[in-house]
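Okay, got some structures for you below.
Okay, so chain A shows up in both of these, paired with chain B first and chain C after.
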Partner chain A sequence: MKSCTPYCITTGPAGLLPPAAACCGIVLPEKGQGLVEGRLVSEEAALEVMAQELLSRKNPTIFPGPLVLWAWKEGVSEKAASVLELAEEIPGVRIIPMPDYRPIYPKIDPEAVINPCHPNLTIWYNKIEVCVFVGVHCHFANITLRMIRAGTNCYTITLCHSAGHEDSMASLPFCDVEQVRALTEAVRRLKRQGLRPRHGDACGIQLTHAQQAVEAGLVWRPA
Partner chain B sequence: MALKTLKVAPGFMRFMPKEYQDLVEKGPFGRQIKLSELGTFKEVLEEHPMCEGCAMALFIRLSLIGLPNPEHTIIVGTAGCGRLALAQAAIPFVYGNYCDTNGVASGIKRGLAIRFPEQDKDVVVMAGDGGIADIGFSQVMHAWFRKEKFTTVMLDNEVYGNTGGQESGMTCRGTVVKMAPTGKQFEKIDMIGLAQNAGVSYIARLTPTNPGRVVSTIRKAVLVARKIGPAYVQAYTSCNIEYSIPPDRVLDDARQVEKERYGYLEIMTDEAKSYLAQVEAETRTPEAVATV
Partner chain C sequence: MIKTEKQRVVTPEYLFFEAPRTRSYITGSEAANEAVRRGNVDIAIAYPITPQSETMQQVGELYAEGYLRDYYRAEDEVGAFAAMSGASRTGVRCLTASSGPGLMRGLETVASWPGHRLPLVFLIMCRVINAPLSIQPDNLELGYMLLTGNVVLHAENQQDFFDYTLAGFVISEKCEVTLPVAVAVDGFFVTHARGWVEMPSADLKLPARECYSEAVPMIDNENPPIRIARDAPIQKSNFISYQMHAAWQQEIQAALERSRQWITRYLGGLIEVVNPGAETMLIASGSAVSQSREAVRQAEEAGKEVGLIKIKSLRPFPGEELRQACAHAKRIIVPEFNCIGWLNREVRSTLYGWVDAEIADGPRVCGGITMPTEMILEWVFEGKPL
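Let's look at the complex of A and B:
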């Protein structure tokens, strides 16, 4: 972890109980702004960084939360479609859902689900080095992001429907379909400009073993 | 929760864990489930971290099958063994403080009635004997005095099992438990009698020895609480760890206790009785049978 002044939100592991970013003077972005490693930037600049990290880091993964996964109100289906559109543009990306916030004990299946009580397990197991949280309620995202920063080397991106997240490495507030599509466009643009994706050989979304087994109708037993 | 929250957004079903796919496709939501259908539908609670042979886990599992409308139910619990399973069920769970479950439930019930005037929303408090009869006693009684329309279920293991075996108000006189080495000096609290005095509309006492009875009792309690007044169910759910009951003998113990001092008991007001009869008659109409 690199150290910098003022406080930076960089990839971890930051150690047990890193201070909350808000306590270290990091403020949330306004509409039209983004947050990158604790610094306020324009929305466009934030999108550029997010696109770059998603294409260049190992095992990119999208973690959709309940606000995207469940078609509980008008507009959700459209946002869900825009997330899938983004996923299609990131070679080798996986989608591991956070369908709700129930604790899962005695054991989670890290290939099937990410749980806010122990998100590090899913990240460690799948060796995820960059992830996107979208559609997760803020109070759960905040605690999850700190746990990830504390114990993993994963670069966290949040596409927040509300005010954004100081504890993620890159965050976009008030993120709706339009902003998700803008990120997709930024990914396309970087590829057009010659950025070779880290998992360039993979095509589209990769199913985890658990998801493959479920799709094939097989009984899946986690390791 | 509501039924519309159980639709997966287009394109995401293939990424959902099997458990959630099953809940959406084969869950008990939006239809009446019978106990005889067990094994053919996805239960709202299957895996849980409770001890091997735990009678409380069995009772909770059966109770959740008994809920008439799980998609419109909120469960309120508190510290103790029960919440370990309840928090993992596919039903919204609110973790109240140890003393205030029935106060919290009162607020939730009233709030839901204002927010959803066209839709019955059920609130069920499910907590241990410590949460209901000791630490939460005051709020339980006052909720009953106020005739709050929700169900209170006591998971009575007659001990503080989660913290190592302290006696509770519901422990029987003379019982020696790990943290009460001289034996309890006082009688078990008569919560059934107190519920009667407080004017609770539906009261039941039971053990988990008869699964069908557990399911129907919970269903009746929730229905009465929905329309008539408070309901109270007191269930003997032994702690096989603190009472040193081998896991495979837990139901034998429940049968024995049922025979000696915990026989099935159902007390209800005339109003509750006639309402349940009316519900029963409605579910037996040819139209209702055809839809089931």
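Let's look at the complex of A and C:
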């Protein structure tokens, strides 16, 4: 008789083509729960892990998707503001958008965007070891997360507006302004309790070269 | 005022479980039609083929009465299913239907729906697909549907056809699913025969599709999956990466897995088990379940307890449920209405290494003939070759 052991979603590289976590018995959390490395936990426990990882891993980066980048419906601006509030609490954090899902010819500029066709390029180029997906449509988030787990050592966090993501290392479903603010508060609490952030010397949000150029009014051309 | 606007929107939970129901003695075609009436469907497109035509003719009457917002007969199945793709991408609730050869004609499009993450309901009234030409029931076509990435539910009777169709709309449109749901039924045995069906009031309907809460953005010619339909083959490595293609294929299977919880919630599980402790278990889907129920009763009269596992969902397949339900079994028999035994293959690959039971290679009928209960009992009592 066969038996099986629970599948865990840990940081990669997991190999050429790791299986979809949903096909390995990992189920999505209910409202009020979170998912950490494939295990169902309380929302508070998930937030605690997310905060810890964001402060302690190298080059934390937030990847906002179209659902928070564009004020397409009521409440989105407020949610976007809450994401910025979170960013301001993570020393050394960068914000690299996934503005849409178009294939980019002939190759992406990894400082400017993350793209679901080659998400690993952005992770590798910027040496990102922890990231947050927020506002990305679930289909594209899922395939991107699987590719990141396949080829990089990045710890993936998802703040999902819908049912959550089995393929991220930590996931919170039905995540609205309240949950984003709760994560921000968890980050603040850990710092108050003495956790020294990995990039404690950096202040605020770090602009990429592309963003610096744009801020300076220059036309940015990737190398 | 058109009739759909007079209906009251209620939650799926209320419509499925709480609303008072009344019994009607109707055909399977009429049962599907009544589900569509309560489904808040925006558009229905199909091409006629027996035995599907009757349902879609009736759905046409629903359109005339004002329950649907649009309805037309396509030029053929390729046209009908392609139109479904376009309609679903725009975010409206969609219905189509076909049978045997018509399904096979449009199969390429049907197999593309899941990858494009298109919620819709596809009714399949099974019939013979291979020569010699026949319009009789035979569910060989479902063997092909199992490979497409669609959710595939197999209804046993008129009541199932009503319930599965209505639930299909909701399951299909869940964000984490966002897949087409095929609701299959064996033609004529169910579509053209009457049975008791309990239904909530026709004054109630499902909420409209929430297209902005799904896994992909609605129609947008600059973004995949829409752009994939427009551009060159996606295998081109400078279009999307091979790895993205692989992850995308995996995502279809992952979405199928996520539909389990909704099938369980709305249909009471992926399987139903009768006489769970019996050493001999029948495993069946569709009309073969009804024949097996009667065989179980007759076996009991003859002094032998026989169990039955009704498989409601073929995709996702109830692997874990079957392993548990068959853990104690000594003999497993799989009655089917097709010559290749696609369910038998599923059962064997699911249970291989997990149970000690012998799995019989039949019984099967095909070409449209029915399965006498005596045929099942022969396999139960005489132990036909394994």
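One rule holds for everything that comes next: the second predicted complex is superposed on the first by the 218 of 223 C-alpha atoms of A that agree within 3 Å, B and C clash if a C-alpha of one lies under 4 Å from a C-alpha of the other, contacts with A are read in each partner's own complex, and residues count from 1 in each chain.
We take it that a residue touches a chain if its C-beta (ideal position, glycine included) is under 8 Å from a C-beta of that chain, and two chains touch if they have at least 3 such contacts.
Since we're looking at a predicted model, the values are computed, not measured.
Asks: Which partner chains sit in contact with A:112 here, chain B, chain C, both or neither? Use first/second/both/neither.
Replies: first
Asks: Looking at the overlay, does A:203 come into contact with chain B only (first), chain C only (second), both, or neither?
Replies: It touches nothing on chain B or chain C.
Asks: Could you tell me if A:27 is touching chain B, chain C, both of them or neither one (first, second, both, neither)?
Replies: second
Asks: Which of the two partners, first being chain B and second being chain C, lies in contact with A:147: first, second, both, or neither?
Replies: second
Asks: Touching A:214, do we find chain B (first), chain C (second), both, or neither?
Replies: Once the two structures are laid over each other on A, A:214 reaches chain B alone.
Asks: Looking at the overlay, what does A:138 touch: chain B (first), chain C (second), both, or neither?
Replies: Second partner only, chain C.
Asks: Go through the superposed model and pick first if A:77 touches only chain B, second if only chain C, both, or neither.
Replies: first
Asks: Looking at the overlay, what does A:102 touch: chain B (first), chain C (second), both, or neither?
Replies: A:102: touches chain B and chain C.
Asks: Who does A:163 touch here: chain B (first), chain C (second), both, or neither?
Replies: Once the two structures are laid over each other on A, A:163 reaches chain C alone.
Asks: Take the contacts of chain A with chain B and those with chain C, and give the residues found in both.
Replies: 73, 100, 102-103, 105-106.
Asks: Tell me, which parts of chain A touch chain B in their complex?
Replies: 64, 68-73, 76-77, 79-81, 84, 95-97, 99-100, 102-106, 109, 112-113, 207, 210-211, 214-215, 220
Asks: Please name which positions on chain A make contact with chain C in the complex.
Replies: Residue positions touching the partner: 1-2, 17, 19-23, 27-28, 66, 73, 100-103, 105-106, 116-118, 120, 137-140, 142-144, 146-147, 150-151, 162-164, 166.
Asks: In their complex, what parts of chain C are in touch with chain A?
Replies: Spelled out, the residues of chain C in touch with chain A are 117, 174-176, 178, 212-217, 222-224, 227, 238-241, 243-244, 246-248, 250-251, 253-255, 257-258, 261, 353-355.
Asks: Considering the complex alone, what residue numbers of chain B touch chain A?
Replies: Against chain A, the touching part of chain B is residues 2, 4-12, 14-18, 20-21, 47-49, 84, 87-90, 93.
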